[in-house]
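For reference, the structure is listed below as structure tokens.
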Amino acid sequence: MSTLTMEKKTHFAEPIKNMSDSKKKPSIAKISTNNVNVFYGDNKVIKDVSIEIQEKSVTAFIGPSGCGKSTFLRLFNRMNDYIETFRKEGDICIDGKDIYGKKVMVEELRKMVGMVFQKPNPFPKSIYENVAFGLRIQGIKKRAVLDEAVEHSLRQAALWEEVKDQLNKSALALSGGQQQRVCIARALAVGPSVLLMDEPASALDPIATSKVEELIHQLKEKYTIVIVTHNMQQAGRVSDKTAFFYLGNLVEFDKTKKIFTNPKQELTERYITGRFG
Amino acid sequence: MTNVQINRLKDQAFKYTGIFCTLIGIVLLAIFTGSILMDGLSRIDWQFLTSLPSRRAEKAGILTAWSGTLWIFGLTALISIPIGVAAGIYLEEYSKKGRLSSILEVNITNLAGVPSVIYGILGLAIFVRTLHFGGSLLAGSFTLSLLILPIIIVSTREAIKAVPSSLREASFGMGATKWQTISYQVLPAAGGGIATGIILALSRAIGEAAPLIVIGALAYVPFVAKTPMDDFTVLPIQIFNWVSRPDPAFLVNAAAGIIILLGITFLMNGIAVWLRHRWQKKMNW
Amino acid sequence: MKISEKIIEGGLFSSAVITILTTIGIIWVLLSQSLVFFKDVSIWEFLTSTEWTPLFTKKSYGILPLISGTMLTTLIAVAIALPLGLCIAIYLSEYAPRKFRDIFKPMLEVLAAVPTVVYGFFALTVVTPFLKNIFPEIDTFNALSAGLVMGVMIIPMVSSLSEDALFAVPKSLREASYGMGATRLQTSFKVLVPAASSGIIVSVILAFARAIGETMIVAIAAGQMPNLTANPLAAVETITAYIVQVSLGDVAHGSIEYRTIFAAGLTLFAMTFVLNNVSFFIRKKYQEKYD
């Protein structure tokens, strides 16, 4: 344990800064963070993380449990706001705008930044009402508009053909994989440009998992996707870039291929090869 | 305004509605307690506490009422605590999951919801008439004991449930019998929770008027009860009696009686909350 | 097993059995006395006649006025306690800072601990005079005043049980709703209340049963006038108030007037029994759903 902490201190402060300087892409980042720290009470759980996420790409956050990757993901739609002891420092921008700015309305932000959770969490309502929920809370009542949005979202979530004849059935009656796709459709229905996924397949069986992964591939064409995963094979399969977190630090952030074949940091390599975690 | 702004406004509006709703009951109670204190506090003096009831409001006192309440408190505690705690122990530690235990459970839930006046009718038929206790303290205490048994049983069960099973296993592992385990380990650990339930139940009992009126407790009792077989009155009945009189001078007496009754109720509830708080802290080992 | 252990178990068991004997006792007493009563008065008259005057010279035994009086005060009470209790439950579980909740929840529960005779005094001496300012035609004893005060009394019942039900809704549903950009209000009413509906219904049924069986408030403030009316400003008599009225009077033991309290009691018991059982089975079902 003590050797690990030593390594942390000596190794990764520099390379990250170098990377953000030299490897900046010409296109503007969709999401960018600048020296972000997060505290729960006195606990510092995210330590000075700066990252830039490109538009219409899939970025995976990996790392052992408790490394802060979920907390970091939840910064992007301000889901941490509900934790009473939560406090953050540093800037987080989406499309160049500070999402923690005073004038930002959290409800507007969340329409733009959808989220899919670890366990499928459909509301105990019909499939239709689940997908239409986000529109209804915005005050949309026209049946035709809702119908169209529900169909479109379910098609995008590759679920339409399976459920089109049973839209009024309770979403809880579906299989776990279908439920998760309902949740994805529900998130898509409000027209986000970013989709956050917090271990979206960890509660699913392998077949359902591969369906969700396939879906992520298709959604990449239109959405910026950030996915937290425990499963490194999954990160390898679905993501363009991968960020490795450890003890609240961003250890390494690079093209997924690079991370998995030739990581810069010894810590990353040890985690990838399963020597701890 | 955009939809989001409207929704936010509604959200804020509800927040203040919620605060208002939460406080309104408490504020009403505070105003009411205050007005009663204004009406009745000056009436409370040594004469009021030590006088027998009277037809003249200014001469009447609550000696028989509070002594009756004390009697009822003591006798009801003697009867209900052992039975209630024993039943709670049986249901939580002995009874096996099955038909009988589920009948017992439904039955206790049901009893907890039976109106108190029905217990009065039961007491009237069983204790007053069949067992010939008459409208005595004993009949009243038995009636109230049946009324609060479900409360004591349920809180005993909850308290025992909160005792970690590791404690039982440790005791059994040292060769203790079931009853030794319960009496030396489980009950002391659950004691705070059980005591809380008992105090709340007894506080309910001394606030009851309806069942005692039905079994024939009298409003006018010109002597202090000496034995459990004596006739009696209690504070709530005395208050009810004074409230029902047309002469407003008796309303002042009622207010004064209410101050005493509320004082006892709040004190008991305060003790119960404090005990529960202390016990819950202890249980979070 | 030692013999002493057996004896102890037997003692504990017989304590538990007392609760069953209590129920049997209640049913037996009510039924046996009511049967005697129904030998003199036909059940048909009891259930359909619209006048209740057993204590008058011209006797009539129709329970309907007592039932209507009971329902009137109860409905007023629930109409107060349901919206207030639900708002409190939502506020405390979804909005309130922890400290606020820790302080005010126990204070609310004190409302349920206040002896009901005290509430009766409150209704008669504070609420009724206040109502008289608004409705000059109101009777000194009236259903409205008693119902309103009874409503305040049962608020903590609705708020506590509803809050428990809201609390039991999985956190993931809240996150899903917030994640879609819903406000706390939208999350509460569109997601949490529907998901907790069975628990909330249980709380309302139990509050309803409590109000039906409440005695002293109505005996003091609602009057002792059997009155088949839906007018909340009029004096009425509830079943419970009638039982108290007879108990306070000089009714000869064994007379038909005496037995009316058993018939009235049986009616009251039947109403609360049904409500309690319905709530018990809803609760059982809904517990299984979340476990």
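Letters A, B and C mark the chains in the order given here, with residues in each chain numbered from 1 onward.
We take it that a contact is a pair of C-beta atoms (placed from the backbone, for glycine too) under 8 Å apart; a residue touches a chain by one contact, two chains touch by 3 or more.
A quick note: this is a predicted structure, and the numbers were derived from the prediction, not measured.
Student: So which chain ends up in the middle if you average the CA atoms?
Tutor: C
Student: Could you find the chain whose CA centre sits the greatest distance from that of chain A?
Tutor: Farthest by centroid: B.
Student: If you average the CA atoms of chain A and of chain B, how far apart do the two points sit, in angstrom?
Tutor: Their C-alpha centroids are separated by 54 Å.
Student: Measuring from the mean C-alpha position of chain B to the mean C-alpha position of chain C, what distance in angstrom results?
Tutor: 17
Student: By the touch rule stated above, which residues of chain C touch at least two different other chains?
Tutor: If we look for residues of chain C contacting two or more partner chains, we find 181, 183, 186.
Student: At least two other chains touched by the same residue of chain B: list those residues.
Tutor: 4, 7-8
Student: Going by the contact rule already set, what residues in chain A reach two or more other chains?
Tutor: Touching at least two other chains: 107-108, 137-138.
Student: Show me the residue ranges of chain B that touch chain A in the complex, using the header's touch definition.
Tutor: Checking each residue of chain B against chain A gives 3-8.
Student: Given the complex with chain B, which residues does chain C contribute to the contact?
Tutor: Touch list, chain C to chain B: 1-2, 4-5, 8-9, 11-13, 15-16, 18-20, 22-23, 25-26, 29-30, 33, 84, 87-88, 90-92, 95-96, 104, 106-108, 110-111, 113-118, 120-122, 124-126, 152, 155-156, 181, 183-186, 188, 206, 209-210, 212-216, 219-220, 240, 243-244, 247-248, 253, 261-262, 265, 268-269, 272-273, 275-277, 280.
Student: So in the complex, which bits of chain A are touching chain B?
Tutor: For chain A paired with chain B, touching residues are 105, 107-108, 137-139.
Student: Which chain C residues qualify as touching chain A in the complex?
Tutor: Going by the criterion above, the answer is residues 97-98, 170, 172-173, 175-183, 186, 190-191, 194-195.
Student: Within the complex, which stretch of chain B touches chain C?
Tutor: 4, 7-8, 10-11, 14-15, 17-19, 21-26, 28-29, 32, 35-36, 82-84, 86-87, 89-91, 94-95, 103-104, 106-111, 113-122, 124-126, 129, 146, 149-150, 153, 177-179, 200, 203-204, 206-210, 213-214, 216, 219, 236, 239-240, 243-244, 251, 254-255, 258, 261-262, 265-266, 269, 273
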